[in-house]
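There are two complexes below, and they share subunit A, which is joined by subunit B in the first and by subunit C in the second.
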Partner chain A sequence: MVDTCDELSRLATYLGVSCGKMSFDGKEKVPVLKVQNNSNPKGLVTVAKYLTRSSQNAKNLLGATPEEKAAVDQWLEYRITRIDRSAQDKDVTNTLKELNHYLADKVYIMGSCLTLADILLYNGLIEIMGGLTFYEKETFMNLSRWFDNIQHQPALRQSLGLVSFQRNQLYKGVKVH
Partner chain B sequence: MATGTLYTYPENFRAYKALIAAKYSGAKVTVSPDFKLGVSNTTKEFLDKFPLGKVPAFESSNGDCVFESNAIAQYVGNAKLQGSNTRDQALIQQWINFGDNEVYPASCTWVFPTLGITPFNKQEGEKAKEQMKNAMTVLNNYMRTRTYLVGERISQADISLACNLMLAYQNVMDPSFRDSFGNVNRWFNTLVNQPQFKAVIGTFTLCSKMKEADGKKYAELHGAGGKKEGKSKKEQPKKEKKKEVEEEELPQLPREKKDPWADCPQGAFNYDEYKREYSNKDTLKEALPYFWKNFEPENMSIWHCDYNYRKDLTKVFMTSNLIRGFFQRIDKMRKNAFGSMCILGEDDDHNISGVWFWRGSGLAFELCDDWKVDYESYTWKKLDPKDEKTKKLVQDYFDMAAVVDGKKCLQGSIYK
Partner chain C sequence: MKLHTNPWNFNSLKLLAAAELSGIKLEVVERKHDDKVVPYLTRNTLPVLEVFPNKFLFSVGAATRYLLNQQSLSPEDDSTVDRWLEWDSNQLQPSLVPYLVSVIGQNKPDAFLLSQIQTLLKLLNTELKGRQTLTKTGITAGDITLWGSLYPIFKPGKASIKGWEGLYPNIKAWFCRVEEEPAVQKSISVVVGGKDTGVFKDSLLAQPVPLSPPTPSSLKPDKVVADSN
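Let's look at the complex of A and B:
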């Protein structure tokens, strides 16, 4: 869980803001950002939103309208409650199924442009997606397509490796979740 | 970065390709504001630059004259849109050509009869629908694993193909047709909602119900039947081109330079001055008194009209479009005419009526072939300027009060 600090500093780089000193609160298991007036924001989503709001070039990463903002918030919460806290494989599979189904008619998590929801879900899923077999990736076709599109933004991925996906169908009769 | 002027008529899907590309690249492309199809592109000046006389046509600030929409799009685009290596460039070309050759012809054959642009041919129509289905199936399978056509970012391929699909998505591909192409829909919807697209095309509305071929509209647009057969035949190709929003080819037409009003005495009535009065001042207190004070019965005439096909009018916004189209087609008449058209009645049961005045004592529409498109759909009655009833009608229509001529006024439009 320590790498949420890395994730946040990658986000800060992407947003073009200096993120200052980041530490990991071992007791509460959350990242903490040290800011000048000592009202240190705590927790992945809180810090991520703080960074986004301090950025000049984050345009509509948090959503443009009140409806969009609410939807982005919901997906940020999803990251924490459904992805980071999935303890068992069964939970993970269910989450992937759910996302795969949700993304069938969407290019981005919310609306037609990239938002913070895409970025945080991408980061939360890197490990899981990297651990899937090609067969499994094919069963989560829509999720794979979305993930591949997001990871192809060099500014977002930075030093992380690419998870490989197959464009052509490898297996016959794959049932897409 | 490319800077220059794009010549096109409004809502030209081909021009969109270039205008959207320019939004992505940041090229400064201005659409020529006073371009008039069939007029501007037949001038010698235009033909010297673009010998084909077709639009869209692009003139860059350093003097390059580029025609053909794909070429213009490339000219104003940037490397990001056109692919960074030969492989990507080739694939982008492939999808641009796919749009031009597989999608566009079929979509025109299918959609044009529904807009009354071309006559309906059942066999051709069914064939085109099949072709469209084929193309959509191919595209749908391809997009299953992809977000955008080439690479992971929007390229010219996405822009051009989406533009070529707009016509069909807007008019005929209703939910029951498009539901089986979920991957294409996802891609298309994402594109038309990108800020760069929206800046050019506005909000795109997908078709909710498949339009059927409209034989009546075709007849109306092409002036078929009736006593004016001989004249309207001559007129036909011109009108066709005007309506054909997607047509890139525009043969030049010989045009008469003669002023249509030449045979009507000019008189002293100042139309511009009156229109200024009308637009800027109170209708009842200033504009109408001005009108009656300066009205010259010997050089001008006042007319009342009713639409002949009341039963065809359903939704107010559609009726309103009809009026707007009428106004557009007689644009050149503005100089010496003024009119008010009101939609009177209830939402699903209304008619168009209007009061007009113009230079000359006859029906002004007959002065020029270009103006004859719509007026025969109305019954025209010349009003006696001395009659008190006329005064009341003029006042009702020009003031566009809630009740006009004893009927509820739903909407009014002024031709000025």
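Let's look at the complex of A and C:
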């Protein structure tokens, strides 16, 4: 898993905000941000949303309507409760299948606009996607297309490595999930 | 708006209470315990809120917050709600749900899971010191979500933690405050109907259990590989 404190400081850079003093709560195993009024947001999702709210021009990253806001929240929760916890192969495969199916008719998680959900899912999937064979990447075609699109935004990827995808179909008769 | 739920699902307490609090009328669609409602999920997760036809919210926390529709909360309160919804899904549920399965479902309470829950309750008790609700503004999705999650271990039934009122007095005061709400009472009567928490059994046994965080022992093999390199 990508280090969550590094991930949050990349997010802060992307948003153009200062991420201030960040630490790691060893008991809960989550990042904590030290902020002025001592409310100290705790947890990857909570801190990521806090940073996004404090950015001047990123409000829609949390969703434009109440329905979108709820859906963004749902996928942020999916990141920490499913992707980060898929320890067995069976769980990983189910997670990839679900996202691949969900993304069949979408450019971004919310459809046509980039949100915080894309950013956190991308970070959570880098290691898993990087470990797939070209054949597997082709079976999760929609997910691979989405992932490749996100990673080609240099402002989001920053120092992270590129996962390679084939532009042309390598295998005949691939069973797409 | 449709609420798809199986009978006796404790998570539905939260959605029904939230809808009732904000005066939203839900069309309840009764499902079997193993019905798969969301087409792209591999799991039979219930309850599910169908916001528009074919637009689903399968996260109970996100759906509860959506139904409460508190758009005028301050950014600070919003952040507090984020924190407790994240704590519920990330810390509490992964210990709580398998514990409920062990005690209500299989009649073999898992002592390790119980001790994890007790650690979490201790933290919550400290955080609730001097507070009636999680934010200063009154009841939010954080309160409704945690109340619904804790219902099976605080109310009469096999999973009830002995002496919790004395061990966690701040939680007790807060829990009673949430249950004072008529909307909360109504959701209890709809889902549980005056019975004890044993009614959750069939739903608990049929519903997927949250994935748990990696344990130190499950991480060991990786470490051995790293050392040998």
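Here are some notes:
Keep in mind that, in the parts below, the second predicted complex is superposed on the first by the 174 of 177 C-alpha atoms of A that agree within 3 Å, B and C clash if a C-alpha of one lies under 4 Å from a C-alpha of the other, contacts with A are read in each partner's own complex, and residues count from 1 in each chain.
Heads up, the rule we're going with is that contacts are C-beta pairs under 8 Å (C-beta built on N, C-alpha and C of every residue); 3 or more make two chains touch, one makes a residue touch a chain.
Source: prediction; values computed, not measured.
In the superposed model, A:K29 lies in contact with subunit C only, and not with subunit B.
After overlaying the two complexes on the shared chain, residue contacts for A:Y50 are found with subunit C alone; subunit B is out of touch.
Looking at the shared chain after the overlay, A:T81 reaches subunit C, while subunit B stays out of its contact range.
Of the two partner chains placed around the shared chain by superposition, neither subunit B nor subunit C is touched by A:R157.
Contacts of A:K106 after superposition on the shared chain: subunit B is touched, whereas subunit C is not. Residue contacts after overlaying the shared chain place A:R10 against neither subunit B nor subunit C. By the touch criterion defined above, A:D148 lies against subunit B but remains apart from subunit C after alignment on the C-alpha atoms of chain A. Looking at the superposed arrangement, the partner reaching more residues of subunit A, out of subunit B and subunit C, is C.
By the document's definition of touching, of the two partners only subunit C reaches A:A70; subunit B does not. Taken together, the subunit C residues at the contact with subunit A in this complex read 39-43, 51-52, 55, 57-59, 61-63, 65-66, 69, 71, 75-76, 78-80, 82-83, 85-87, 89-91, 93-94, 210-214, 218. Partner subunit B is touched in their complex by these residues of subunit A: 104-108, 111-113, 141, 144-146, 148-149, 152-153, 165-168. Here subunit A touches subunit C in the complex through residues 28-30, 37, 39, 41-46, 49-50, 53, 66-67, 69-71, 73-74, 77-78, 80-82, 85-87, 91, 94, 97-98, 101-102, going by the rule given at the top.
Interface of subunit B with subunit A (complex): residues 144-148, 151-153, 182, 185-187, 189-191, 193-195.
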